[in-house]
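These are the structures, in structure tokens.
Shared between the two complexes below is chain A, which pairs with chain B and chain C, respectively.
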Partner chain A sequence: MPTRSALRNICPQREGKGAGKPPERPRTQRAFWVIPPVLALVLTFLYPLALLVQQSFTPLEGGTSVQPYVDVFEDPAFREALGTTVWLAVGATVGCLVLGFVLALVIAFVPFPGAKGVARFVDVFLSFPSFLITLALLFVYGTVGMANGLWTDVTGAASGPFQFLTTPWGVLLAEITYFTPFVMRPLLAAFSQLDTAQIEAASSLGAKAPRIVRQVILPEALPALAAGGSLVLIMCLNEFGIVLFTGAKGVTTLPTLVYSKAILESDWTAACVVAVVNVVISVGLYGLYRVVSRRVGA
Partner chain B sequence: MSSGIRFDGVSVAYGSATVLDSLDLTVEPGEVMALLGPSGSGKTTALRAVAGFVRPVRGRVFIGDRDVTELPPHRRGIGMVVQQYALFPHLRVADNVAFGMKAQKVAKSEIPGRVSEALEMTGMAAYARRYPRELSGGQQQRVAIARALAIRPGVLLLDEPLSALDAQLRSGMLAELARLHRELPEVSILYVTHDQVEALTLADRIAVMDKARLQDCGTPQELYRSPRTEFTASFVGNANLLPVRVGDGQVRLGEAELKVDTAGVASGVTATLCVRPHLVGLGEGTNALRGTVAEVQWRGATHRLYVDVAGQRVKADVRELRQPPGLGESVALHFAPEDAVLLSAGVAADE
Partner chain C sequence: MLVHSRKGRWALWALFLLFFVPLFALPLLVIVAASFSTNWSGAFPSGPTLGHYAAATRGDALRALTTSLVTALTASVLALVVGTWAALAAHALSKKGKRLMDALFMLPVAVPSVVVGLAVLVAFSQPPFLLNGTRWIVILAHTVLVTAFAYQSVSAAVVRLDPAYEQAAASLGARPSYVLWRVRLPLLLPSLNAAAGLCFALSMGELSATMMLYPPDWMPLPVRIFTATDRGSLFTGSAVAVVLMGATLLVLLAVSRIRTRASYR
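Now for the complex of A and B:
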């Protein structure tokens, strides 16, 4: 029969705190492995960003000044682009949240044949380029698209009634169409984790579907909604392809303003100022999302 | 509200697979009925048919006099408690308990009082402001019970409510459930479990289920002492089931001649003799069975012996032995004639 001291030999974890763990690497060795990724980050991201910021404080006449910012902020075109960017991004985000929540709810909780296939298509949709969706909308609602073609064929009119695609509403529709799956994906993941027993318990307690959605499903989905919504908001703020491909006249957003300042006007300083503002708004909103999601326990 | 439950030829199928087959069962008002059976026996499906979460392909379900077969769950007026509690994690305990009353549009002024009452009844009044994640498993289950009782249901459905608890908590909760039933004698309870101890402790009657069918139904004493089928005898109490040849006032197991009550069973047929392991003694005595020890398990207060007798393995639970027999050792077992039951359902015509 083994003695207690013998037992100590076969139960090394009892010897003391940390016994049995693999030996820790020396601090210098650990630091060595941190250097390559940090260097890569600095070279590929932070250094170009620093150059961009530096350029934004460099007026055409040379030196360092905040004058480029003053000039850009006083420019009505910038203020209009800022306003358009924000309302389009906020509008598209709200639209994506509402539409994404409803669609994800249907896919996750309303049994219908092909629900799994639809859920998989959402994954595939995420890999599509944004201009593809815009092109598809052009085929349907464009000036010579299917909808207008059908209208002119049927009525004999010279042009169809669907002319919204080249307006901000067209951009909004395209952004909602393209970005809704970015809300649905985290929502579907959250719904798959939801204990269906909670829904059944609520139902047995007398709750009808709207109350169950409002008081059981929605609170559980909030972190996923926050994640998807913030992602869509940031992506909409920086969206370039959709605005360009809709060909919406008079719709200028911050990314298209950067493009026109840099490429069409060769005003690199102003382009950098607008880009810095765009980055600040994106990072600020991301920070806000982190604060809010921490509060709701995401 | 006093209302029993009635299954009237209820069948449930998923595609071609029948998971509940023609169940006829009545739970009287105020009665605790345990649905006992192994996994896949159809017991949870039966409960879900009452709750409205599965739709029978045949038959009707009644709560009281109401045919609820076509009613959606929220209109059935039942309380339900499941294994994993299913509390709403974002709501405090009090709000969880109030949920059903709000859903049923109970007057706002009435809700706080009924929440307190339900929490008092389950001993959770001190935890009203906590979130479910701040409670232990046993406490969460009490809250789930309080939530189900707060809507004052006529029928309470309990689906393996103690399975997620450890043995000590389970024992305590069993006593709590028995007390709750004493305090709410008008509530009919359908209690689904695979644990015979829970069923024997709590139920007024037990319905034994296997392979989607009701196998047996009776009081715990009836099922334990006089099981009708081999399955019941085996599942309720894990009895020894020994194939014997019936004689006149006695049966024969191998060379051993055993005195048992053979009333109602014709002489010359083979039948199944049911003897509970704890009623089998070690040593010589009436109805002695001689065999060799195949396995010995120490269970603290008892020893479980497995003894091979005439090609059959006989289980015996005896008080802890100072000197347990060794494997392969020859021993004698015995049991009193009145402790054995000849299963009528196990009778087969002799070839």
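Now for the complex of A and C:
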């Protein structure tokens, strides 16, 4: 394999301004190659988004006004959905962070036979769609599922105590289950770069495990936690499949509200208004996430 | 080793299993178990059967599987082409231009997929682009959703690419197109493979945008699973879900085999 210094000996004329950069070509020519993919993105993504915003300002009677926004914001169903979306997303993110940190800590620092396999399993888990979790929870905690079946068998009662699946708590459980691996993966990557000597030094100086976690491991893990946590927050705000599959009439989030307004009620303008609100929240948070993750270098 | 006492270690492992097994391993096992049974009203499923699989690999369900495979394959190929092109072109730009391209191409990740579905539906139900009611609108929406991941994966790899190779090729008189085709793309192959697997898996499991715009004759597997469970046939739904997981895993496995061959090059 030719190293860069070897190459410099072979062709010294490449030394200097051009080194480390692709072969220099006029800037206009390089910018030209950007046009086709950007055009594709504009046509398939930005143009639809623009039409969506335009539609949200177009009431049924025609014309352009902010009346649709006023109507939607006064709708109690929308306010409730907004509140539910935010607290579910925040709750699920906190749950994922705590659970993901503990699980990744055990896999990385208290390894057991098969820990590698568990880490691989986490990767596979990420490639499955989210609604499978809700489907599984229906069998575990559903009205006739495993947990309630056990309860009625043991106590002889007519119905079991686990009825939370169609409430926001069921959605919260499913979201924590599905999104925790998204926190674990960057954490495991960060832990694998942590020098074991640091932990051994702290340990030989007499620090107990909780103190090592707090003062050595946690500071190293903070960038990964921040990156993973904000990613999970955005994905929870945008989650649709989990909420749809619980079939809970009582749980409406912004994405399911968009769906029901557009497909079930055919109220396109209201659907577009809710969609614009959802986009503003998510994209705003995403911008924050990019700034944060660049700042902490994750 | 963080915890030195044997007792402490066992306590931690027990805690780990307590969280890990019910939360992560159980759901997948439960779906597989349910797909083989007719009834589940106690601790364990009962009435073992293969009937749900017979139903899941015949007629509508089989059509849904091919629909999903064709959609995912087409969307992944399109996303790879657009994403790789954009990543390579962005790499040649100035720092400011690169950052703008990053923001542009990562934007679809931040926008909820339901909203992407709605926007695509609004835009392509009116002239000049009438795609509503055709399979192309589903494929288009999937492509938009997964292109960001292809872009991200490739542009991370382009940065790590040693420029010495392409400079050597160029100094020996290779034209830019030849350098791209014979030097840069082969070196990017491992990350292209990873991106292909990711795009395929994401598209196979895509539900939210698809729910907004699938035409009746182009119903992918996730929608099929939803309609089955929504009607109350949970067991048929889980058999279809196992088919979905199996198909996704098989393709991922095939893709990872290509990757190992490419990286030994």
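To be clear about the criterion, the second predicted complex is superposed on the first by the 267 of 298 C-alpha atoms of A that agree within 3 Å, B and C clash if a C-alpha of one lies under 4 Å from a C-alpha of the other, contacts with A are read in each partner's own complex, and residues count from 1 in each chain.
Note that in this section a contact is a pair of C-beta atoms (placed from the backbone, for glycine too) under 8 Å apart; a residue touches a chain by one contact, two chains touch by 3 or more.
All values reported here derive from a predicted model rather than from experimental measurement.
Legend: residue contacts after superposition of the two complexes on their common chain; A:121 is shown touching chain C, with no touch to chain B. Of the two partner chains placed by the overlay, neither chain B nor chain C lies in contact with A:66. By the document's definition of touching, of the two partners only chain B reaches A:220; chain C does not.
The partner of chain A that touches more of its residues, comparing chain B with chain C, is C. In the superposition on chain A, A:112 makes contact with chain C only, while chain B stays out of contact range. In the superposed model, A:207 makes contact with chain B only, not with chain C.
Touch criterion met: A:197 reaches chain B, while chain C stays clear of it. In the superposition on chain A, contact is made by A:145 with chain C only, not with chain B. Across the superposed pair, chain B and chain C both touch chain A at residues 203.
Here chain A touches chain C in the complex through residues 2-4, 7, 10-11, 14, 18, 20-23, 25, 27, 30-31, 33-34, 36-38, 40-41, 44-45, 47-49, 51-52, 55, 99, 102-103, 105-107, 109-110, 112, 118, 121-122, 124-125, 127-133, 135-140, 144-146, 149-150, 153, 176-177, 180-181, 199, 203, 209, 212-213, 234, 237-238, 240-241, 244-245, 247, 254-256, 258-259, 262-263, 268, 271-272, 275, 278-279, 282-283, 285-287, 290, going by the rule given at the top. If you check the complex, the residues on chain A that touch chain B are 195, 197-198, 200-208, 211, 215-216, 219-220. Within the complex formed with chain A, the residues of chain B that make contact are 51-53, 72-80, 82, 84, 86-90, 99-100, 103-104, 144, 147-148, 151, 157.
Taken in their complex, chain C has these residues touching chain A: 1-4, 8-9, 12-13, 15-16, 19-20, 23-28, 30-31, 33-34, 40-44, 82-83, 85-86, 88-94, 97, 101, 103-116, 118-124, 140, 143-144, 147, 162-164, 166-168, 170-171, 176, 179, 197-198, 201-202, 204-208, 211-212, 222, 225-226, 229-230, 234, 237-238, 241, 244-245, 248-249, 252.
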